[in-house]
Structure formats: C-alpha cells, structure tokens
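Below, chain A partners chain B and then partners chain C, in two separate complexes.
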Partner chain A sequence: MIIDFKHTQSAHCECGVTANLINHAVKESDPQLSEALAFGIGQGIFFGYLPFIKVNELPLTTFRCPVGKIFKSVTRSLGIDVKWQKFSSVPKAMDALDMELDKGHPVGCRTGGYWLPYFPPALRFHFNMHNIVVIGKQGDNYIISDPVFPSVVECPAKDLALARFAKGALAPKGSMYRITRVPGKIDLKPAILSGIKGAAKSMVKTPVPFLGTRGIRFLGKCVEKWPEKFGQEKTILLLGQLIRMQEEIGTGGGGFRFMYSAFLQQAAGILDDPRLTPMAEQMTASGDLWRRFAVKAARHCKGRATQDDSVHAMRQVLNACADIETRTFKELLSIAG
Partner chain B sequence: MEIKDVPQDPGILDDYGREICYAVDQNGNYNLVQSIGWYPKNIANRQAWQAIEKKINKAREDILGGKLSPIGFYMACNQMDIRLLAQYMGLYCWQVRRHLKPAVFKRIKKNVLDKYAALFNVSVDELTSLPDKLTRDCHI
Partner chain C sequence: MLEKELLTTIVELCNVQEDIPDDFPMDAPLVGPDSLLGLDSLDAVEIVVMVQDVYGLRIDTQDQAREILSTIKTLAGYIRERGNL
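== the complex of A and B ==
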C-alpha cells in the first residue's frame, strides 16, 4: 500500500519533510508551503561555534537551529496539530508505524542516516538528525519520501528499524510524528513575521559570544589561532570539519544562507513588503562569502594555500560575513518587530 | 550564487542522486538547481574517510600484533567508539573494553558473539577471523 503523497525534492531534510507533510494535509485552496518558507517560518537560520562540544573529537559548528525546531515552530505558528510519539521497544515502534500507514497517514520519522541503505556509501556517517516521511509498505519494504533524494526510495524493514533506533548523540528513540488537524484557513503572513523576528533575535540578541553573528567573529578569531595552537595537521582536520558542517548536503549551499535569502524573497512577495528584497540580496552576499571561505579552507586541506588563503585572510572573510549578517538581522528585527 | 556558478564536481554522490542548491537567475530570483557536488566538499569528505581508514589500519595492526581482538576492527569499520558500541550492544563500556582484549575475546559466550556479529552484519566466523580486504564497505 502506498499513500498518494507528493514528493518534492528539497535541499534540507527537515524543511522538506515539514513542507511536504503540511502540503499533503492542507486543502488545495490553501497556499502551498515551499521548503524555503518552512525554513524561514521555522526560524531555521542560526550560527553557533561550540568548541567545548566535540563531534568525532572536533568542535561543533552549526549553521541552523537544533533538530526538530523547524517542524515544531512551523506547525505551531500555523496552528497545525501534531501527534508526537517516542518508543521504548522496536516492535512497538514498527507496529505503530504500520497502523498509521494502514489508516492512510504519511508519518514523519527521525532516523540515523548511517543505517539507511539507500544513502550513498560515502555519506554514511553516524548522525541522528535525518528526517524522512514513510508513505507506504510493500511486502517487507517501506516506501519512503526522503526529501534529499530526487525520487521516492525503498528501505527494508530491518534497516528502517535500526535507523529509527540509532544510538549515540541525539538518539531518535523511534520518534515519529504526524499531522492530526489543520485549521480552516492557513495564514502565512503572521507566521512569516514571527519567524523572521525569532530568527533575527537568536542571531543578534544572544547573550553569549559563541552564538549568532558574534559567534561568526569568534570562529574567525579561533581559526586565526589554530595553526600555532594545534599545528598544521590538526588545523587541516578542523578546517575540513568546518567545510563539511557548512556545505553538507542539506544546506542548499553557503551554510543555509542562500535558502534564507530565497525565503526573504518569497516573504517580500507574500507580505508585499519591498523592504525585504534588499535583505535577501544581503544574505546572498553573505552566502557567497561563506562559499569563498570554504574554497580557501579546501586549499589548506589540499596543501595548496597561497598568501590569499592565510588564516588571517580567512578571518577577514568571516568578519565580513558577520558584518553583513549583523546589519541584515538588525534591519529585519526592526521590520518584523 | 548564480545558476551558471552552481558547481558540478563529481565526487561523493556518484549515481545516488543529486543535491539541491539555491541559486539566482539573471533577474536575481531564487531557483532550486540540482548539483552533483562541489570540490571543497569532496576534499573535506575524502579527508574524513582517510581518518576512518587510518583507524581501521591501526586496528588491523594491533590485532596482528596481538594487542586487540577482531571486534576492534569491526568497531573501526562501523565508525564506532567504545561508548557507541556499548550502547548498540546494551553493555557497559568496561565490558566492551574487556571484549577488545584478545584473551577475553576467546572466552566470550556464543550469544554475545552472535549479537556482535548481527550488529556488524557479518557471520560469527568472519567476526572471529580478520578479513584480508581493507574494508571500507564491510558494513555495506
């Protein structure tokens, strides 16, 4: 049995899942939610450099909000009801999933990407933040709408069970969610405004120096010190990790900055507010700078760094990003506030 | 980023699909564009795999040197550390640490061995011997 579900490929798994699930649930007369809108309303954009939290012995850098927040914020601000479930045992979790599918409900699941056999081998790392929508079952295989992939994929039940109960940091514990009720009318305008406001606050009004735009400057400061502090070999590993966090599949390029730009562009249309258009352009500029930073970092990793790619030059690029983003989010705060 | 600048550098994705990039057209409007990959990302990814391969090789040497049990090899292949492996096995870290000793490994009970083998997706015979191939794909 396969539910008639419109699979739209997107850059980021959680935004894609959010948009696809909501578009499936709302009436046809309601406005369709794009991935970028889900990202913006869900206050997805963020920055944090947390050297005291280690992933594979390397510091954590994040370009977006914690996992689950996008889906929660979007459904909450649009007034959509959601049923969340977590499980203690594998059979119970799989039975509950089968029951929902039998009723014809597409179900969102959080999984560990390492166990999903349809992933490219080169991307199978342990990370437990991968969201998918299960839309059917055929024999012993589940039919899955994984928004990161161009089309619908299949996954054996045994592997899906492993993925839903992946262990380690942020273990999903079989968590699954589905939309139970949508309001009579979906109004995007207030949701967009509150999304912009929330994101801008977390970018420019953080009380700690390692989050938001201050965090970008802090990262620049640290990058400049890496070679003398850790030596060449470790610096390369640190830079490599940074590139992967920034450009890992799901960001849409430039550490989510381009996606946010796309959101601002769509928001300008929906709210009919031309002030947002230059904001979108500024975010594009910031994303381009992040890409330039990644190119410089990659040259270090390849051992082909020139004078232009010195850690000092990289810090300047990051400072430029921080400047642009501080200005943009302050203006956004005054527009939405 | 403009649509014409969306990189198409083959690497990680291979035939497994395309990822989405956000890029602007001539009028400055955003579009979703498929990309096969980008070289800085490929470099960073290769680096991550080299680190894993280094761990696998180290484990192999230690096993041949009699300092580590074959579980160490499969642990490295599956990108696990002792803590993560213990969680998957439902054991304490100190138990896994003991199982990594060759002398203790010989005495592990059959049912525990079966569980390790099932987790690593290999047979018990394979688990007790060290495979020759330098397996990045020992799980896949």
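== the complex of A and C ==
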C-alpha cells in the first residue's frame, strides 16, 4: 500500500520532513507549513564553533541547531503530539514500521544517508542525520518521501534497514516518529514568535564564547591564528572542513542564513509586522558575507589565494557577519520578547 | 556568445590548468567527478558568487545551485532567463 501523502521537495531534510508530516496531519483549512516556517519556528538558525569536538579529527562547526530540535520545537509549539521510538533490533524496527504503514500512518525515520541506494554515488557520504518519511511498501520495496529529492523514491527493505541502523557517530538506532494528534486549530502566530525568541536567545544570549554571534567572532580569531599555530597544510584542512560544513551539509552556512531570511519574510506577512522585513534583508546580507568567507577559504584550499584572501581578511568578514547577526537578533529579541 | 564568456571567466576564476579546446562541449558536466574542467564544490561556491557579482543574480539554495551549475549551457540559460539578457 502507498499512503496518499503530498511530497514537497526541500533544501534541508529535517525541515522538509517536519513540514510534509505536519501538512499531512492537519486539516485542509489549517495553514500549510513551508520549509522556511518549519526552520524558523523550529529555532533552526544557530552558530557554534566547538574546537574540542572533532569530526574526522577536525573541529566541529555548526550553522544550525542540533539534529531533531527543529521537529521537536515545531510540534511542541503547535501543540502536536508525536510518538518516538528507538530499537535495539533490526527485525523489531522494521516490523514496527510495517505496522504503522498498515494503519495508514506516514512515518519519519532518521537514517544514514550513505546506505540509501537512490542517492547518486557522488552525494553518498556517511551522515547519520538524514530524515525521510516512509509512506508505503510495495513487495520488498519501501516507498519513501525523501524531501531532498524531487519526487517519491523506492528503497529495497534491506537497504532501508542498513540505513536505519547505520553505525558510527549519532547512530540512528532505528529511530522513527509519527504524529499521533493535532490540535483542533493550528495557530502559527504564537509559534512564530516563540521560534524567533528562542533562536535570538541562542544567538545573542549565550553564556559561552564559542556559541552564537560570539562564536562567530571566536572562530574569526582562531582562523587568523591557524597558519601560525598549525602551519599551512593543516590550515588548509581546517578551512576545507569549515566550508564543507558551511556549504555542503544541508543548505549549510550561507544557505541557512538565506532560509532564515525567507522565514522572516513569511513571518512578517503572517504576523502583519513590517519590522521583520528589514531583519530578513539583514540575514540575506549576512548569508552573502558567509559565502564571501567560503570563497576566500576555498581559494586557500585551491592554492589560488591572493592578498585579499588573507586569514586577517577572513577574520574581518566573520566579524562583519557577527556584527550583522548580533544587531539582527537583538532587534528580533526586542520584537518577539 | 554568453556560453563562451562564461567558460572564459570560469577557467580564469577557478585557475583551470587544462587546455580548453575551441569546441568545448557546453553541455558537459560543469562541477563534480565528471567535470571536464575538474571543478568541485569549492569552485562552485566561487562561481555562485561570481554570478551574483557580475550578473546580479542570486543562487540561494544548494539544490538551485546544483541544477543551474549542471553545465555551462544551463548556467547561461539561467542568466538569460533571469538576467533579461
């Protein structure tokens, strides 16, 4: 059977799954959730530079909130109930999935994207945070609404099982979730305000220097010292890792700033609050600067950096990003606070 | 021709070392493992920023970028369509 489920493509998997699952569950008369609204209400925007946490032996930089927070925040603030399950055994996890599908429930699953065979080989890498919605089963193939793909895809059961039980950091352990109840009426306004407030707090009210806009400045300070501290070869590795996190995971750095800008534009309309429009423009300006930073870093990696791309120049770009985002989120906090 | 102009700009911008034949196929993959110019995602960021600076066109999401930067031809098509050339 295949559940009648509206598949909408998105740039970022968790936002896409959140929007698609909620839009399926609510009444037709309720407002539909866009990917950008899911990202904003879910407090997705963030920054953290955590040199003490290593990914592939290089420091972790994040441009978004932790995995799972978007779906949890959106459902919580809209009053939607969700059933979460994790499993210790593959057969139990697949049986539980089949049982939900038999009842006509679309099911969100966290997977290791590397094991999903419908991903083109060039895009397959070990990333255990890829969210999908399973919407049916035909023979031995599952029918999947994977929001980063333009249309519904099929996946053999053995591959989906591998993806649901991918090993390594943040192993999904068969994690699956489904919406069990939606309130009588969906009211986006308070959810948007609380999403803005939560995100703004995490960006400008952090107690530690490596998170939020202070974290952006901290990163700039570190980048400027990298060649002296680590030498040219490791600096290139560090810059490469940084812009990979920025541009290649999800919609990445610049991209997430653009998505937040789209959220603020939509929020301005829904809340009928024109003060949010210039905030959206500021976030676009910050996204553009993040991209300029990525270009400078890429030139180092490619051995074509000029004087304009020096680590000092890169620090200045990051400071400019931090200035814009500090101003924007302080203003947002005063609007939503 | 816009395609030729883009090819020249990209070759220079991304410091492509290979000799580019006169009959370079404009519908060949631009970025990725099959790129004839040897361009990867780091070069793609450079091209995205160039398109914004030179042609005033924003490419915001990665999906958009993937589609538009498929080939020189798709990039030129996007610029012609959106840039009113």
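Simple rule for what comes next: the second predicted complex is superposed on the first by the 333 of 337 C-alpha atoms of A that agree within 3 Å, B and C clash if a C-alpha of one lies under 4 Å from a C-alpha of the other, contacts with A are read in each partner's own complex, and residues count from 1 in each chain.
Note that in this section a residue touches a chain if its C-beta (ideal position, glycine included) is under 8 Å from a C-beta of that chain, and two chains touch if they have at least 3 such contacts.
Computed from a predicted structure; not experimentally measured.
Touching A:I243 in the superposition: chain B (first), chain C (second), both, neither?
Touch status of A:I243: both partners.
Applying the document's definition of touching, compare chain B and chain C: which contacts more of chain A?
Looking at chain A, the partner in contact with more of its residues is B.
Tell me the contact category for A:R292 with respect to chain B and chain C: first, second, both or neither.
Touch partner of A:R292: chain C, not chain B.
Taking the superposition on A as described, I'd like to know which of chain B and chain C A:Q9 touches: first, second, both or neither.
both
Could you look at A:F125 and tell me whether it touches chain B, chain C, both or neither (first, second, both, neither)?
The answer is first: A:F125 touches chain B but not chain C.
Please work out whether A:R304 is in contact with chain B alone, chain C alone, both, or neither, and reply first, second, both or neither.
A:R304: touches chain C, not chain B.
Check whether A:L60 is in contact with chain B, with chain C, with both or with neither, and answer first, second, both or neither.
Neither partner.
Please report the chain A residues shared by its interface with chain B and its interface with chain C.
In the superposed arrangement, which is not itself an observed complex, chain A uses residues 9, 11, 122, 148, 240, 243, 247-248, 252, 258-259, 287-288, 291, 294-295, 298, 301-302 for both chain B and chain C.
Hey, which residues of chain A end up touching chain C in the complex?
By the definition above, chain A touches chain C via 9, 11, 122, 148, 240, 243, 247-248, 251-252, 255, 258-259, 287-288, 291-292, 294-295, 298-299, 301-304.
Quick one: in the complex, what on chain B touches chain A?
Chain B reaches chain A through residues 1, 6, 11-14, 16-24, 28-30, 32, 34, 38-41, 43-45, 47-49, 51, 79-80, 84, 87-88, 136-137, 139-140.
Considering only the defined contacts, which chain A positions touch chain B in the complex?
Residues of chain A touching chain B: 9-11, 35-36, 56, 114, 117-126, 148-150, 167-168, 171, 236-237, 239-241, 243-244, 247-250, 252-254, 258-259, 261-262, 265, 280-281, 284, 287-288, 291, 294-295, 297-298, 301-302.
Looking at the complex, which residues from chain C come into contact with chain A?
The touching residues are 14-15, 32-33, 41-43, 45-46, 48-49, 52, 60-63.
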